[in-house]
Amino acid sequence: MKLHEYQAKEVFADAGIPTPESALATSVDEAVEVADALDYPVAVKAQVHVGGRGKAGGIKLAENTAEAREAAESILGMDLKGYTVDRVLVEEAVDFTNELYVGVTMDRSEGAPVVMVSERGGVDIESVAEEAPEDIVREHVDPSFGLQAYQARNAVYDAGIEQDVAGDVAKIVQGVYDLWADSDATEVEINPVMVTSERDVVAADAVMKLDEDALFRQPAFADMEEDAAEDDLEAKANEYGFDYVRLDGNTGIIGNGAGLVMTTLDLVDYYGGQPANFLDIGGGAKADRVANALDMVFSDENVDSVVFNIFGGITRGDEVARGINSALEQFDEIPTPVVVRLAGTNAAEGREILNDDLVTVEETLEGAVQRAVEYADEEDIQ
Amino acid sequence: MKLHEYQAKEVFADAGIPTPESALATSVDEAVEVADALDYPVAVKAQVHVGGRGKAGGIKLAENTAEAREAAESILGMDLKGYTVDRVLVEEAVDFTNELYVGVTMDRSEGAPVVMVSERGGVDIESVAEEAPEDIVREHVDPSFGLQAYQARNAVYDAGIEQDVAGDVAKIVQGVYDLWADSDATEVEINPVMVTSERDVVAADAVMKLDEDALFRQPAFADMEEDAAEDDLEAKANEYGFDYVRLDGNTGIIGNGAGLVMTTLDLVDYYGGQPANFLDIGGGAKADRVANALDMVFSDENVDSVVFNIFGGITRGDEVARGINSALEQFDEIPTPVVVRLAGTNAAEGREILNDDLVTVEETLEGAVQRAVEYADEEDIQ
Amino acid sequence: MSILVDDDTRVVVQGITGGEGKFHAEQMIEYGTNVVAGAVPGKGGQEVAGVPVYDTVNQAVVAENADASVVLVPPAFAADAVFEALDTPLDLVVAITEGIPSQDMAKVYKRLSEVDTRLLGPNCPGIITPGEAKLGILPGNIFEAGNVGLVSRSGTLTYQVVDSLTARGVGQTTAIGIGGDPIIGTDFIDALELFEADPDTEAVVMCGEIGGEDEEAAAAYIDEHMDTPVAGFIAGRTAPPGKRMGHAGAIVSGSGTGTADSKISALNDAGVPVGDTPEEVADDIEELL
Amino acid sequence: MSILVDDDTRVVVQGITGGEGKFHAEQMIEYGTNVVAGAVPGKGGQEVAGVPVYDTVNQAVVAENADASVVLVPPAFAADAVFEALDTPLDLVVAITEGIPSQDMAKVYKRLSEVDTRLLGPNCPGIITPGEAKLGILPGNIFEAGNVGLVSRSGTLTYQVVDSLTARGVGQTTAIGIGGDPIIGTDFIDALELFEADPDTEAVVMCGEIGGEDEEAAAAYIDEHMDTPVAGFIAGRTAPPGKRMGHAGAIVSGSGTGTADSKISALNDAGVPVGDTPEEVADDIEELL
């Protein structure tokens, strides 16, 4: 779960990490009002989960009210790489001399958090990581101890941060790590940390991604989930608690177990179809969960057929079959053909339970995928 | 620094550890008022740092207003093992079926915290530890991870706590450990945890000792220090920041370094004197600190002579000498003879600086102690 | 022969009184696994699936001499359950639970480095030595004893491949699900080492997926250290970057590491054939045997 | 010969820009210690006591090839400074600071078990090999090279005993202050082992005090493993139970463990004479040599 910049900055401010004065606006008038209440110049920043907002016209500077109105008018409602901008953050522009980078993420290969600091902030940090990895100082953290103060200092001094601001940057590093740990984040990133002409340091941008598996103990972040969602289907998937990724094909895919669902997508592609989505109903899926999964996939209007692929371990075939039957029985007309393939625990029972009037039953994965791709092609032609 | 029961119980309540309803009273009328506001029966408990309060008459049960008044009258102002009772805690009496023990302390031999749980609460736990150590379950904690939930459960189940209350007792164990860690405690102890007839669990007593070296980052506890002090001299030592222990002899002792001060006490005893106190002025003691130390020792009216023994490492002899001079110059008449022995860093300079009109200078430790004991004997005779 | 588990393995099931815990304990016992106890706080003294339940893993181990555990505990409590099992200690802990917070797992991973216990998972289907024992939730009926080892990051994908193998009469020595989380106790190399050392394992199937660089590391290991032939499969060729594909660990980073292409070519470079479909993996194994 | 430090030891002083740090760095250098750098965050680039200051210990070690550090940092920051030194890593870290919160030290102690660095202290005067090097705050002028090793929980008591030895012409191989805190890096047994292995150390003085059971453990060690004779001293015979006698570690527990009597009789049982006064300790050593 990724927060919007404005959400992350509120969280930063609460955690004592310095951020520029700012406020959210959802209309042009509101944006102008906010801008007037701040000190000009201000930046008007589109709040969408898209990289490179600046280059794409999603961030504009304004020196006065007229420019603020112009900026808000041009950004609000604009299409930014497929997303419509409905919120802008209006923020005091910072007069800076340097741009630094500070980030914390989980290094999966070490099984431990890593703190990153670089003097080369303000640019795409992943390019820096590729071209000049030595320009990013990495300090691994023992998660049982947490980041020690000396580690923050080591990272900052080794990154070559100037001595007069090093202490303040180290404080931001500690603050970012503590926030990362306290909020069950997977990633917290400030790019750039700006060093102002008065030699203060301030978080000019804010990226914060949270561990969805830990939201149960992070009520404040769970409350932000709805506002953080990128589109309606994603919001619906959150509501249902599904692992769902939307793609741009027309063969809907439901399965259990991430590897098998990914493989089903790969097979749809392999047999000439286009996967419409990834949807894992997870282990031990009950009937209502199955019904919700069908609702999810049918909600995507691009979908022309659905392949339902279950290999039971923790998930029992009879339950899945009952879920499919009861979900499809709700429809006067089933939106698209549904191909079902059951294997594993209680699969035989499941296949017996399935209603052949509602679904096409296939014995093999390859057969099921090929049949679904055929159906999708046929629907597409009609 | 040891908190009074009433202070510790407030801290417990804030930490979510269940305690009986109670309030502090400093007068009989106040005690009766508090008792009437609670449900009878109530316990009236003397608030002094003395073990075995109950047996010594410092805890009394009251079934009604008249008994509450009687209890408060008998306890307030009483002398309990040398301490005058000026505060009582009035607390709802708990109708209990079992008494358990829960404690957390630092196990110095392991360099790690240890959680202790026993079914044999309500009695002197140190006797249990000696007679039947197996009746106290000990679970060591890795301080980098903190107490894990399963460790609290292991301790509780291994101690044989009944299953229907085990979960609640484990919660108390976790609460006590977390409180211990969060408050920089050296010891937190509940003896007893009472299991009520309704099968609830409640902390019927509360012992909490804090690490004086960590009070700088525990402002809430630092604020309690004054109320927690046992007597005026201890309060004065806290104020001056001295390691001070009062004894009942007449030879006052000031030195630097705990081992050397202890040795000075031992030598006073060895040469037939009685040490009046332990006072370590610590490393790097400056002149004002030396003056404060003299003020401390002179404040004890039992003191008939003082031996001032400094062997300089971090402490410089010249500074000590100047401190002694300037402190003693304040007096029209110096309260008792002062014998000074300086050695180590800048000792020669110090000996030169010392004013022979104010102090007796000795070269050796043994000589200085013997001289001080002689002076004390002489003063005592006069 | 087999690796890690066999019919001597004495298993305690953590979470045995829950719905899934009970179901799978019964399934394990029905399969022939030597399940000797359950452990659930507050449920000690009960009997579930025909075995005694204890309040703590330690009590179960002391009373029943267990040497392995299966963790079937909800995610909020699973890291604590794994900690408990690691500290008991046991030889093998199989953590089935999906959805353990990643920061909890980082702490478990640190503790793991301090003990001698092997951890499988979390977010894995478990391990099975066909005909002897299964620790986990794998459907026993699809497996058959034989000479192919199998290691996979995905549960259901494992079943899919095994189904194809068994249908051809190709049995398995042991199948190991290592789990789909970014931080797991046993990785591909650990499992491959065990299979390489097992004289009965004549070929190994390795099912990887996008995310991380464990498959690339395994390819290098295979190239340098393995004589036993390996056939591979990589799921997630069609996954877009930056999206978590179900498994917390299945994500192609924005900068393009962890892609299926990278893994497939690393394996190919190590001489490992990578099938386009699960059926092709079975074909490859038949050729390698 | 000597243990742990000599004139090859390359020392970084943490906290060298503070008043005490600068004073004692100068004293160490004046004594002949090979102090090569200081380390203080935010003070890198300065020169203090004639040596360059770096912002981090790591930078000091990289630039000046230091292998030991002396921590002269205020208590609130000292645990972090010790952590920094342990993780650099160095061979020896000498923590002088008194008053480090005990829970911080418990964490340091855990980390210490994970690294190869030796920690002396905290709350100790340091270590001196007379005529070669001193790391800490011991007054160098009272020491003289010779054949007696000295290990003590107390700084000033050490000086007192050394003063008596030196006055009699009895010199020292190395004197070690292990520190007066309840949790310390190097204990009596560690130090005794080093002296036992040092061919030049012909007798050892061990100065203990009330609190804990380290002296009792040392007595058992001496009895079983040491050929080098040991003379003992125990401070705190007159200490009442339950009171902290200055040192955080110097406390007789309410249940009566950690008393001077217990320690003295343990040492006596191990054949170690325990003097009543510091002078008697010097007498004992003269007899043992």
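We call the chains A, B, C and D, going by the order they appear; numbering starts again at 1 in every chain.
Here is the rule we use: a contact is a pair of C-beta atoms (placed from the backbone, for glycine too) under 8 Å apart; a residue touches a chain by one contact, two chains touch by 3 or more.
Just so it is clear, the structure is predicted and the values come from calculations on it, not from any experiment.
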item	value
Chain located farthest away, centre of chain D as origin (C-alpha)	A
Winner on C-beta contact pairs when A-C is weighed against A-D	A-C
Distance from the mean Cα position of chain D to that of chain A, given in whole angstrom	54
CA centroid of chain B to CA centroid of chain D, Å	28
Multi-chain contact sites of chain D, meaning residues that touch two or more partners	107, 111
Sites on chain A at which at least two other chains make contact	142, 144-145
Contact graph of the chains (line, ring, star, complete, other)	other
Pairs of chains in contact (touch as defined earlier), listed by label	A-B, A-C, A-D, B-C, B-D
Contact footprint of chain D on chain A as seen in their complex	145, 148-151, 153-154, 157-158, 163, 166-167, 170
Residue numbers on chain C that touch chain A, as the complex places them	20, 24, 27, 75-76, 96, 98-107, 109-111, 125, 136-139, 142, 152-160, 163, 180, 182-183, 207, 209-214, 233, 235-240, 243-250, 254-255, 276-279
List of chain A residues in touch with chain C within their complex	51, 106, 108-109, 111-113, 126, 129-130, 142-144, 181, 184, 186, 211, 213-214, 216-217, 243, 245, 247, 255-263, 265-270, 275, 278, 280, 282-284, 310-314, 343-345, 365-366
Sites on chain D touched by chain A in the complex	41-42, 44-45, 55-59, 77, 80-81, 83-84, 87, 107, 111
Complex contacts: residues of chain B adjacent to chain A	142, 144-145
